[in-house]
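First chain A sits with chain B, and in the next complex the same chain sits with chain C.
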Partner chain A sequence: MSTPIKDPIEGVDGPRSSAGPRRASQQERFADSGRVLNVFSHGFLALWAVLIVLPILWVVLGSFKTDAQIGGSAWTWPADWSFGAFQRAWDKGVGGFLLHTAIVLVFSVGLTMLFGSMAAYVLARYEFRGNRALYFFFVAGAMFPPYLALVPLFFMLKNFGMLNTYQGLILVYVAYSMPFTVFFMYAFFRTLPTALHEAAMLDGCSHTRAFFQVMMPLAKPGLVSVGIFNVLGQWNQYILPLTLMQKQSGTDPDRSVLTQGLVNLMFQSGYKNDMPALFAGMTIAMVPVLVVYLSFQRQVQAGLTAGTLK
Partner chain B sequence: MATVTFDKATRVYPGSDRPAVDQLEIDIADGEFLVLVGPSGCGKSTSLRMLAGLEDVNDGAIRIGDRDVTHLPPKDRDIAMVFQNYALYPHMTVADNMGFALKIAGVNKAEIRTRVEEAAKILDLTEFLGRKPKALSGGQRQRVAMGRAIVREPQVFLMDEPLSNLDAKLRVQTRTQIAGLQRRLGTTTVYVTHDQVEAMTMGDRVAVLKDGLLQQVDSPRNMYDRPANLFVAGFIGSPAMNLVEVPVTDGGVKFGNSIVPVNREAVAAAVEKGDRTVTVGVRPEHFDIADGEAKSLSKDEPAGIAVTVNVVEELGADGYVYGTAEVSGEQKDIVVRVGGRSVPLKGDVLHVVPRAGETHVFSTSTGERLSD
Partner chain C sequence: MRHRKYPFIVGFLFVPVVLYTVLMVWPYIQTFGYSLTDWSGESQTMHFVGLKNYTTLFGDTVFREALLHNVLLLVFLPVITILLALFFAFMLNVGGRGTTGGVQGVRGSGFYRVVFFFPQVLSVAILAVLFEAVYRSDSGGLLNGILVKIGLENPQNPIEWLNDPGTVLWCLLAIVVWQGVGFYLVLFSAAMQSIPREVFEAALLDGAGRGQTFFRVTMPLLWDSVQTAWVYLAIAAMDFFALVSTLTPGTAYGGGPDYHSEVLSTYLMRNFLFYGKSGYACAMGVVILLITLVVSVFALRVTRRERIEF
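The block that comes next holds the complex of A and B.
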């Protein structure tokens, strides 16, 4: 690469020719250090990828093995590619857990995005007394681990009669995800040009219409990014549903979400473990998240780099 | 169609003690094209935004027709605005962008379609109606922004430096198109620009602002021929008018080796205020090269002032000479327009005399115009 750059510089007569070789050598040195850095960083990234992919692969493969195989020879390939473990996991209620999680997430993520972006929009776009204070109040929520509030939360929901109900968990999830959503969307709305909002107002939009028909579509990359983040975060919640989604009486229907269900799957089997079924359950739990992520991957990247290019 | 009236409209930004727009008073006639012009920070954009309803009016009133719109929200003012960066909705097609206001107003789809297509035909946008703004060039986006204003058939068009994002050639071309379109539609238009050439070429009348204060409102011709004060004299015209401070003498003012006749009362008034000098303004094209025939004060020297040529700009049809001259013991920069076939060389000395009747005299202390 360095030769075509070097040639014209050396061809020049006079004082500039003395600078030529030095610049070229500097360039080579720079390229050298780049190569060292590349080997190092790529090696590191490869190691990281292995660390992450290997356990996932192991879980997926484990769901095709038998108990004896998992315990006996951890590193062998499954002998028989049967979906029996998946069938057993499904029979043990993974389908129900999936449904419960889906019901909760559809509402909790939806409401989080709606309220979060509305709050962020108002905070980012309108000047009023206490604007900053309100913003910091929202963001301060992120500094506070929700697990510290576990006991008060439990009693609060108990008083509302919302233990082991969808609406109870949905409300808690919305509150849990609100700080980051507001924080992220606030920054996003700030980057959108003011003139668009003004144009919408001149075109006769009400504040509501300007938000839903002009600003929201513009904020789509940001909404998708933070939406996926919320889906992942809420999908993987364990402590909150464990505390708030427990059967309150014998007649109370079981509304366990996936994470709870998987743990139950482990304990249900008692002394006789059905590890392949557990692994199969975990695989089933992973699939929807992967699908969500992969289908929105492009928008996530757009969301993270939005505003850098006009 | 409607008139627009700024009645002592004032805008003070929070946290600032100086008004951004100070008691602005302009009456804009029905169908008129008024250009607000001034240096950056003069309050021209703020004035426009006050009319649009995007900026509060702290004092005074703004009327469109007979309606007082001072505190109405933008959507109730029946205006359309073209923004500097066009502010097109990136997620909508050109047709949707243009029809958005009508859609909100509840106009039926067929009618929106015909009006959008009509506007697109006028602006030569028909083939782009299905595209998103992203897929358009700068000039096309500008036309879409114009189209969005046109389809609404508002009472007033507001334009905030709509040409400043275009390249020089396209700007000149679009300038004429906008002016022509406005004449054709006959819609009252308020146009903001910092470019005095745009102001002079497009407007029926031009309003010059400086530091939030209105300096002068007049037709481009009058603005050029009779600037009301030193600021307008220096701002309007390119290259700028030569402004030279000279001592007052009997029967007029002494300009180099010539006398410039000035209204006696005006000079007397200036002298009364304690001024010993006045500022004379001469446009570059109003200098005549002295060829020995002009009347001179002293017989030994040629008439007028001696300008040493520093730079010559040849524009083809004519040339501008940038030189220095000694006036009242001080070196002054002087610009003189010369014919394109007879340009002097660098270092030459030109003797120039201001053409009679084409000089402007301003009070040095207040900047007000003294001559007629």
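The block that comes next holds the complex of A and C.
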């Protein structure tokens, strides 16, 4: 935070106040070296901000250009501001991709949160044999990238007849999000006070009811953080849907999620000479995230980083 | 009440454990089993071939090339990202001019934080579309456009960023750094803010300049977060599938030109879904799993310092 703190020496008399002049000169030196550094650091910060904003704006602008313009110079300005490219992108299925992603995420994040916190709660608050072992069993999964076990996973879903189905992808997402969710919620349930839970039990509340009506509301901040983490994590999955959500036959409906659909669009648009539609599709895909991010940016940052802190 | 505890524990753990075991742990175990066979994936016939897949693997030049690239990424991705993030975090939190009342961040740090973090929430598909446009091989690309504009490049002979064996891997690395810096910046900021301000002021009183404050005070106190960041970035460096498979040339999951951007994940996927060598792909998965394990343990060991309490 940039708020200056109160001078700690204020109001202290005696020998310490004699350090006053020396302190002032020290500060001046710090400020002196600061002036050069300040220009330097501001320069760097501004440069990085430009590096982030410029490519994004430039591509969004590209969705208003013509294909010839995009292939020409990088520095042309759109001739007319029509939303034709957005219409074409939508017709190519971007709307469908968004819908498929939404369907998957509603269930996968919901179930991840439910099962993850159930397991974490029991592991964190109940003593039983094998408790520690089970906790490590869950948490160890967070260490490996998901593509390692992709081959058997693919054939397992194939045998269940769950390739290119929402339920298949949802269950896989839930399983793959389990390590982190358990890890995080375990730590969170440990920090909650026991008194409320005990009071509920004394009042004759069952274990299940105590969990849903006492502990879950208390764990809300933790649930929000890990929920945001899971939404973004599953929204961004690429290799899993790419492998598991391929069309199984000619009549199998397309259920591509957004990441997969957009990349397919990218491979196609190179041939069809319709870059504006691709850029427009990207813009459409970016808008929901941007809106969520700007409205909840504190929670998003807190949620994502809280995940990594022990 | 005790008699109801165990049914409750079992009831709560049952679904999470089954899901996690069936869809995540079991495929990992199967990977080991299949890696000892010549299974093609199409049929259910397979023969036990012992360690043949592993011996083939170590003689496989493409695999070695891919491994080398992952090792390069493993070294450069964490170093560059962490240094940039630390530098920015320092600037945003304590880099401001220390004129009145001690230590503070630069002006506009809130704005920078929001902008820098934004790439983290973008999905890989969006990154792919974005950077394909940025790295376009003609002067219509943003990067080439800028270089032509400032006269560093001949518009007739632009650099083909993603087609040039010398640049392709670094271009991909730049994307991941671009995306990640904001995230680790916020992570380090949170850690920096938990350092009491008095510590910085004491350093200032003792006549420490900004550089000294950074290296002697901030760094040691942040070591825990740096360690966490290192492990996360190491895991990210072992992946890279989405970017390589979407942005680089080459049949089936990219990796070109001529394997110059091949990474382990793309090679595994090509063997699995394109060449139909599932057993071989599984052997690869096992080797990568072991490498990830060794790297994580190594990263934790090397970065281990005595914990400083404050």
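Just so it is clear, the second predicted complex is superposed on the first by the 233 of 310 C-alpha atoms of A that agree within 3 Å, B and C clash if a C-alpha of one lies under 4 Å from a C-alpha of the other, contacts with A are read in each partner's own complex, and residues count from 1 in each chain.
One rule holds in what follows: a contact is a pair of C-beta atoms (placed from the backbone, for glycine too) under 8 Å apart; a residue touches a chain by one contact, two chains touch by 3 or more.
Quick caveat: nothing in here was measured; it's all calculated off a predicted structure.
Peer 1: Check whether chain B or chain C contacts more residues of chain A in the superposed model.
Peer 2: Comparing touch counts on chain A for chain B and chain C gives C.
Peer 1: Looking at A:138, would you say it contacts chain B, chain C, both, or neither? Reply first, second, both or neither.
Peer 2: In the superposition, A:138 touches chain C alone.
Peer 1: Examine A:201 and indicate which partner it touches, taking first as chain B and second as chain C; both and neither are also allowed.
Peer 2: After superposing on A, A:201 lies in contact with both chain B and chain C.
Peer 1: One more residue to check, A:162. First (chain B), second (chain C), both or neither?
Peer 2: neither
Peer 1: Thinking of the overlay built on chain A, is A:74 touched by chain B (first), by chain C (second), by both, or by neither?
Peer 2: In the superposition, A:74 contacts chain C only.
Peer 1: First (chain B), second (chain C), both or neither: which does A:151 touch?
Peer 2: A:151 sits against chain C, while chain B stays out of touch.
Peer 1: Given the touch rule stated above, what does A:102 touch, chain B (first), chain C (second), both, or neither?
Peer 2: Neither partner.
Peer 1: Once the structures are superposed on A, label A:51 by its partner contacts, choosing first (chain B), second (chain C), both or neither.
Peer 2: second
Peer 1: Mind sorting out which residues of chain A both chain B and chain C touch, each in its own complex?
Peer 2: The overlap between the chain B and chain C interfaces on chain A comprises residues 201, 206.
Peer 1: If we count contacts the way the header does, which residues on chain B are in touch with chain A in the complex?
Peer 2: For chain B paired with chain A, touching residues are 52-54, 73-75, 79-81, 83-85, 87-91, 100-101, 104-105, 148, 152.
Peer 1: Give every residue of chain A touching chain B within the complex, in rising order.
Peer 2: Result: residues 193, 195-196, 198-206, 209, 214, 217-218, 220 of chain A touch chain B.
Peer 1: Show me the residue ranges of chain C that touch chain A in the complex, using the header's touch definition.
Peer 2: 1, 4-6, 8-9, 11-13, 15-17, 19-20, 22-28, 30-31, 34, 41, 87-88, 91-92, 95-126, 128-134, 138-142, 144-146, 148-149, 178, 181-183, 186-187, 190, 193, 197-198, 201, 204-205, 207, 209-210, 224-225, 228-229, 232, 235, 238-239, 241-242, 246, 265, 268-269, 272-273, 278, 281-282, 285, 288-289, 292-293, 296
Peer 1: Of all residues in chain A, which touch chain C in the complex?
Peer 2: These residues of chain A touch chain C: 1-8, 19, 23, 26-27, 29-31, 33-35, 37-38, 41-42, 44-45, 48-49, 51-56, 58-59, 62, 70-75, 115-116, 118-119, 121-123, 126, 128, 134, 137-138, 141, 143-145, 147-156, 171-172, 174-176, 178-179, 182, 201, 206-208, 211, 232, 235-236, 238-239, 243, 258-263, 266, 275, 278-279, 281-282, 285-286, 289-290, 292-294, 297, 300-301, 304-305, 308-310.
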